[in-house]
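By letter and in written order, the chains are A, B, C and D; residue numbering begins at 1 in each of them.
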Amino acid sequence: MIVEISVVPIGVGESLSKYVAEVIRVLREKNIKHELTAMGTILELSSFSELCEILEEINKRLFSLGSPRNYFVLKIDVRKKGGKIEDKVRSVLEKI
Amino acid sequence: MIVEISVVPIGVGESLSKYVAEVIRVLREKNIKHELTAMGTILELSSFSELCEILEEINKRLFSLGSPRNYFVLKIDVRKKGGKIEDKVRSVLEKI
Amino acid sequence: MIVEISVVPIGVGESLSKYVAEVIRVLREKNIKHELTAMGTILELSSFSELCEILEEINKRLFSLGSPRNYFVLKIDVRKKGGKIEDKVRSVLEKI
Amino acid sequence: MIVEISVVPIGVGESLSKYVAEVIRVLREKNIKHELTAMGTILELSSFSELCEILEEINKRLFSLGSPRNYFVLKIDVRKKGGKIEDKVRSVLEKI
């Protein structure tokens, strides 16, 4: 299962990098393989319950940093078999 | 917590309504308040763990209907206090 | 072409309804068929250029209302043939 | 303006890499600065009209490759001033 998480804390001003940094801290603490991009963070997870533990923790941390409202956008690509971050990118590059 | 779920089963042909109907069945069985729109289904939930139970069940059902790959797009609006579907729409309409 | 637009002005505080109301005003002025939901506004459009005129206008208006930064999330469902809002919902309901 | 585009051609089978490769070809032909990730392609653009030219071309190419239906998910981060891909990532990494 490959997930891209983006979260916008609403009501904390224009700059959000401090809050996105907290998201990365959560992932590092949980030893989750991840890739930070300009528009989200891409994770490789094993289950929906693992995903929701992460969302719960991120939400709690952003609330504790003073955000009154969090807006998440998630994209989840889940296959019966396989699904690795590198495989997806490589299989595209091979075909260009 | 207000969530909008859209799911695209990939590899089952052009028409997806049969699979979206299965999503609605899952929500009805779980007595989840929901609103079907042309671009997703909007839910009112109490926690991320409740969300993940629903995602798990939807994913399992779509796999059992023959989809080899499911692509979810989720938008989640979570506030420290409040957050009802009707309140959001009414507070916009009042200001037009 | 069916499009769902959600826009989060960033840096204007927690409540966004005033800004979403402005989005609806733009659509009414342009006579665009639309449906406001709790998680976005669904439109029926004829082309990508029509979409971009709307995005341009919305972005400009939100900037003029004082937003320094706008975060759009768009979902676009475009078919070679057909694609009406009512058809999508009806074809799901018929199969539940 | 930073944009992330993901597009799912619906009705062409489980593997989509051939179609995503076509998206990259379009961007290269148009000399658009872009970054391919496992969950989308991130672009730096100057206007909504530039965005829609790209979407139009991508949509046309995927139809010509045999897709009957294209499902786009776009995230757009537009600021009154500034907004570079590297700046966003660097400002997060500096705060971890």
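We take it that a residue touches a chain if its C-beta (ideal position, glycine included) is under 8 Å from a C-beta of that chain, and two chains touch if they have at least 3 such contacts.
These numbers come from a predicted model, not from an experiment.
Engineer: Out of A-B and A-D, which chain pair has the most contact pairs?
Structural biologist: Higher contact count goes to A-D.
Engineer: Which chain lies the greatest distance away from subunit C when centres are computed from Cα atoms alone?
Structural biologist: Using the mean of the C-alpha atoms as each chain's centre, the farthest one from subunit C is A.
Engineer: Nearest whole angstrom, what separates the Cα centre of subunit A from the Cα centre of subunit D?
Structural biologist: Chain centres of subunit A and subunit D, defined by C-alpha means, are spaced 18 Å apart.
Engineer: State, to the nearest whole Å, the distance from the C-alpha centre of subunit A to the C-alpha centre of subunit C.
Structural biologist: Here the centre of subunit C sits 25 Å away from the centre of subunit A.
Engineer: By the touch rule stated above, which residues of subunit A touch at least two different other chains?
Structural biologist: In subunit A, the residues touching two or more other chains are 14, 68-69, 71, 73, 75, 77, 79.
Engineer: Which subunit A residues qualify as touching subunit D in the complex?
Structural biologist: 2-4, 6, 14-15, 17-18, 20-21, 24-25, 28, 35-40, 42, 73, 75, 77, 79, 85-86, 88-89, 91-96
Engineer: Name, in rising order, each residue of subunit A that touches subunit B in their complex.
Structural biologist: Against subunit B, the touching part of subunit A is residues 47-49, 51-53, 55-56, 59, 63, 68-81.
Engineer: Quick one: in the complex, what on subunit D touches subunit B?
Structural biologist: Where subunit D meets subunit B, its residues are 8, 10-11, 13-14, 16, 68-69, 71, 73.
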